[in-house]
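Next come two complexes, and both contain subunit A; in the first it sits with subunit B, in the second with subunit C.
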Partner chain A sequence: MNWKRVFGRIVLYGGLLFFAFVYLLPLWSAITTSLKTPAEVAKTSALAFPTHPTLAPFIESFDSLKGPLVISLIITAGGVAGSVLLGSMCGYVFSKIRFKYDTFVFLLLAAGAFIPYQSILVPLFTTISKLHLFGTIPGLILTHTAYGIPMCAILFRNFYGAIPESIINQAMVDGAGPWRIYRKIVLPSTVLATVVVVTFQFTSIWNEYLFGLLLGGGEGQAMPATVALANLKGSLTAAWEVQMAGAIWAALPVLIIYIIMGRYLIRGYMTGAVKG
Partner chain B sequence: MVSVTVKNLTKTYEGGNTIAVRDLNLVINDGEFFTLLGPSGCGKTTTLYSIAGLLEPDEGEIVIGDKVVTSKADKIRVYPQDRELAMVFQDYALYPHMKVRKILAFPLENIGVDKHEIEERVEETAELLDISNLLDRKPGQLSGGQRQRVALGRAIIRNPKVFLFDEPLSNLDAKLRIRMRFELKELQQKLGITTIYVTHDQTEAMSMSDRIMLMKDGRVAQVGTSDDMFHRPKNIFVASFIGTPPMNLVDCTVVRKNGKLWFDATEFEMPVPPRMIPDIEKCVNKAVVMGFRPQNVSETSGESEYGIRVTVRVVESMGTSYLLHVNDGSHSLIAEVIETKAKPGEGKTIKIDPDKMHIFDKESGDAIVNAIAI
Partner chain C sequence: MRKSTLVIISIPLIFIFYFVYVMMGWNIIVSVSDSIGAALTYHFKGFGQYIKLVDDPRFWTSLKNTLLLLLLIPCSIGLGLLLAMMLDQKLKGTGVFRNIYLMPFALSFVITATLWAWMCAPTDGVLNNLLRSIGLGSLTSMWYTHDETFIMTVIIALVWQFSGYTMMILLAGMKSIPQSQLWAAELDGASGFRLYRRVVIPQLKLPILSAFVILMLYAIKSFDFLWVLTEPTNSTFTLTTFMYYVMWKRWDFAYASAIGNVLLVLTLVIVVPYLYSSYRRGEK
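So, the complex of A and B:
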């Protein structure tokens, strides 16, 4: 037995367990708090197990969140569909079709992914208002689509770059034009890549707060769940248990996506990684 | 009638810094099996891709049948998908997500053939290539030889005007390659479709082609039949590229001694064979290169005007023959003989068949006299 190795393992796993513990604490406290009564929240520590578990906070928060959750779902579905579809087309064009100044154009497009949200809020607001899309679901879908395209294009360009040139050449000689090659060859042979990008976009659009706050228009208009969640906190007292239950409701769709897509996601990340 | 004509084709890369093909002219006849042969970087693939329309040349014109598909002067560029060609790539380029059935159907679907006919033609083609049992598999489940056949099937299914092959056999093991060579040639003979084949393997080129174009540095070194290339090489490059083992090449000077012409190769001297005298007459005191194939060298016990004293270095048994690697003091030579008892280190005399001798100009590399062909 190699004691040095065993010691190393103990330190390593000890460290990993410690970090896992620290990472899971907020989730743990969210779960315990969401199951408590307001009185118990006030008296006990956030980490303590609830003595009389109740689902009342879940019911209360769902009541205020169900509308925004549906809105979020529509916005996310629309935004993901728009940005992934258009981003994938851009990725295809920039990885497989050569034209004059293509690198320059791609750099311009890619730069869009690195512009901080805050810096474009004013022009964005003006544009959406002028389009009469303020406080509407289409307004938010349009914003998320436009803002998502650059990142999707970068990711897809990388994935499509791994498709051998001969496959594309072959398809051309076989009589397929660029559009047919994209639909029949490129898209179906990169399903994993699409899963990765869809998951990525779903998470970022679902969790997005700033655009929703600015363009959603508040209660009764196109307010997404993230914004509604922030409004849950109440004006006089902080109803922690309702907020925590709400947060769990809001996190659920992303969690479900990760559970369903998890297996494909890892394989998808790997294909990207192997290509380098 | 589908012939392919290439006129003044030039293609450069890196903004003109690398010239891949220079002013190439070429006519491929209807139904011909034509091979573009040469070392890597000689421009053969560039030429093929230009014919396919996958590359746009800088200059020149390409005509397939009676249709101009590329013309820089008239600004014509027909896209690959509209050239009615079929191509087999080195890596077969089978669509990884499709079943073989779908892969074969793809070229037909693209030109809008109806479903029923597609099914029929897929079955027919699969039968022809003996891949009927593979139709429901994906490329990942096929062996190298099977993939090759599927790629061939996809090429023939749409009755193309011209077949293009880009080193299609180079990913196969040696045994399979010889079989596929035969199958490919037989298929082409049966279908009679004009075929342009790219390879760097001269055996492949020699065994399959009606005519070969050997290229070097983007230029044509020689165009001709296998026999032309082997027996009548136009220059040293062709002579050394074609034939296994390669031709022996020895630097000599032509000298006149006692009123007779001799090749002086420092280590040995040899009289100029009478048939060559009119041509060699002009080369007195000039440097030439004497070429002779290993197959045209024999062992001899006696003295001979065309004999060279050598030391045997290595004897390779090839089964049907022996390769003797010998040295005359300054030249390494190879002789291919049917039988031998030679041992390494032994002194021997080898004799060159004077009828099979080639003489090249040292400076230009061009042939002055070739061997007498059968």
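So, the complex of A and C:
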């Protein structure tokens, strides 16, 4: 190893560390701030760790977030179940069964993942209100299921494309119908794909804000954690330590998934990007 | 098509047909109807809402701000490319760095907007304090609290959130270039930045195009971050926040649906050619 290479390495690691600092700075200052008293927030640098750490901001913010966190969990579970199930059926049909205009129909379906929701917000609000689902958990589960289907279908169609046609053809020769092939061959051989799509959908529904804001009905109704955090931020403009603690509460499920299941989540991002 | 196939896809297709296409049509009808406030009525009234839009200075400000947000695309791609090049070197521990850079992308816009509200708080915020302590006090700013620096602040924060994602897309593109090509180029004397400029980057056209389109969609559709960072006002509206304001704060559903349709057209101009070409490639 010569000097030029050593020098190159030092520059590279220096660059990587610098950017790590930049990317972690908002989260780091949130963590340090959330452990401080209001007096210490005003006195010390946000980068510095508190001299007398306190959990008071976490307790205070949890008080207004605990209900919404549970609501978010229920909405997310329901929305993931619905969109993954229906999206997986689409992915199977559009990757393994040929019929007239199949690509065109799939494109119409996939386009649903890209429309700006502002263009359907008035009809959506009217529909959910007419169904008496405004401000209810089922209303939000229905909405997330519907708008989750296109992305799930795109992801599953990619993953199912990797199942060899010969296995499917053999099963068809043996007299199995599409439904049976789906349950007996496609689903069991693609557990990993399902894990990828579930983590992807979990994070996107958990993170969602607009539907929760419009259809959740606010305080005391089906208000998800993202909306509650935004409200907390709006009502406590100067109490940074409570806001930061609230942000950490709301981010926690996704951060845990990112740390444990990051590999699968990244595969979801990549598959969505390459074909989406 | 067999009957059982139809049964499998009928439920999801009905969902999408109703929630996407029926609602799109419905939204267009509302925008040309005589609806007043939140009460929807369906007599054809004409294109008055669109004429009102053209005469509304808030619409032009929103459109300008939406287009200004597109500046985050070249910034995210440039920064993503730099990060991808650094991670592409055969160094130890790059996986950890990759996960750190991508982490913001996994977080909700509501959370990142809360974090950035503190980062860019005008008086005692993290960035202003940091700038002062390293002697760059002249760079302190009012950030999102002043109309002039609002969009700039949003772009900085969103580049922080998206550049890890473009890094992933570009890094995957770099890894898929055959090793033999890189060796051949190295034998020809290309190395370091030259190797990237001459050999690697020209082969990243497709990943860069994907990143470009996806970021453009994110930029045009971005609502959560803007709405949470600070409630937008007349001069900081984008099309998305302006639409929501008209719908939810003014209860003018017909006008709101007209704004929504403008956004839809803007998006379709980007999505249709991209989806079409992407699947044409896939078919071959």
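The rule we apply is simple: the second predicted complex is superposed on the first by the 255 of 276 C-alpha atoms of A that agree within 3 Å, B and C clash if a C-alpha of one lies under 4 Å from a C-alpha of the other, contacts with A are read in each partner's own complex, and residues count from 1 in each chain.
Simple rule for what comes next: a contact is a pair of C-beta atoms (placed from the backbone, for glycine too) under 8 Å apart; a residue touches a chain by one contact, two chains touch by 3 or more.
Quantities reported herein were computed from a predicted structural model and do not represent experimental measurements.
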Between subunit B and subunit C, positioned on subunit A by superposition, is the outcome a clash or a fit? fit
After the superposition on A, what does A:P188 contact: first (subunit B), second (subunit C), both or neither? first
I'd like to know which partner A:A56 touches here: subunit B for first, subunit C for second, both or neither. neither
Identify the partner contact of A:A48: answer first if only subunit B is touched, second if only subunit C is, both if each is, neither if none is. neither
Which partner, once the models are overlaid, touches more of subunit A's residues, subunit C or subunit B? C
Would you sort A:P164 into first (subunit B), second (subunit C), both or neither based on which partner it touches? first
First, second, both or neither for A:M172, with subunit B first and subunit C second: first
With both complexes overlaid on chain A, does A:G87 touch subunit B (first), subunit C (second), both or neither? second
State whether A:L16 touches subunit B only (first), subunit C only (second), both chains, or neither. second
Can you give the closest approach of subunit B to subunit C, taken over C-alpha atoms and in whole Å, for the superposition? 9
Of all the subunit A residues, which ones make contact with subunit B and with subunit C? 177
Listed in rising order, subunit B residues that touch subunit A in their complex are 49, 52-54, 79-83, 85-87, 89-91, 93, 95-98, 106-107, 110-111, 154, 158, 164
Residue set of subunit C touching subunit A in the complex reads 1-2, 4-5, 7-9, 11-13, 15-16, 18-24, 26-27, 30, 40, 83, 86-87, 89, 91, 94, 97, 99-119, 121, 124-126, 129-130, 133, 160, 164-165, 168-169, 172, 210-211, 214, 217, 220-221, 223-224, 227-228, 231, 239-240, 243-244, 247-248, 253, 256-257, 259-261, 263-264, 266-267, 271-272, 275-276, 278-279, 282-283
Contact footprint of subunit B on subunit A as seen in their complex: 164, 166-167, 169-177, 180, 184-185, 188-189, 191
Contact residues on subunit A for subunit C in the complex? 9, 12-13, 15-16, 19-20, 22-27, 29-30, 33, 42, 45-47, 86-87, 89-90, 92-94, 97, 99-100, 103, 105-112, 114-127, 143, 145-147, 149-150, 153, 177-179, 182, 203, 206-210, 213-214, 226-227, 229-230, 233-234, 240, 243-244, 246-247, 250-251, 254-255, 257-258, 262, 265-266, 269-270, 273-276
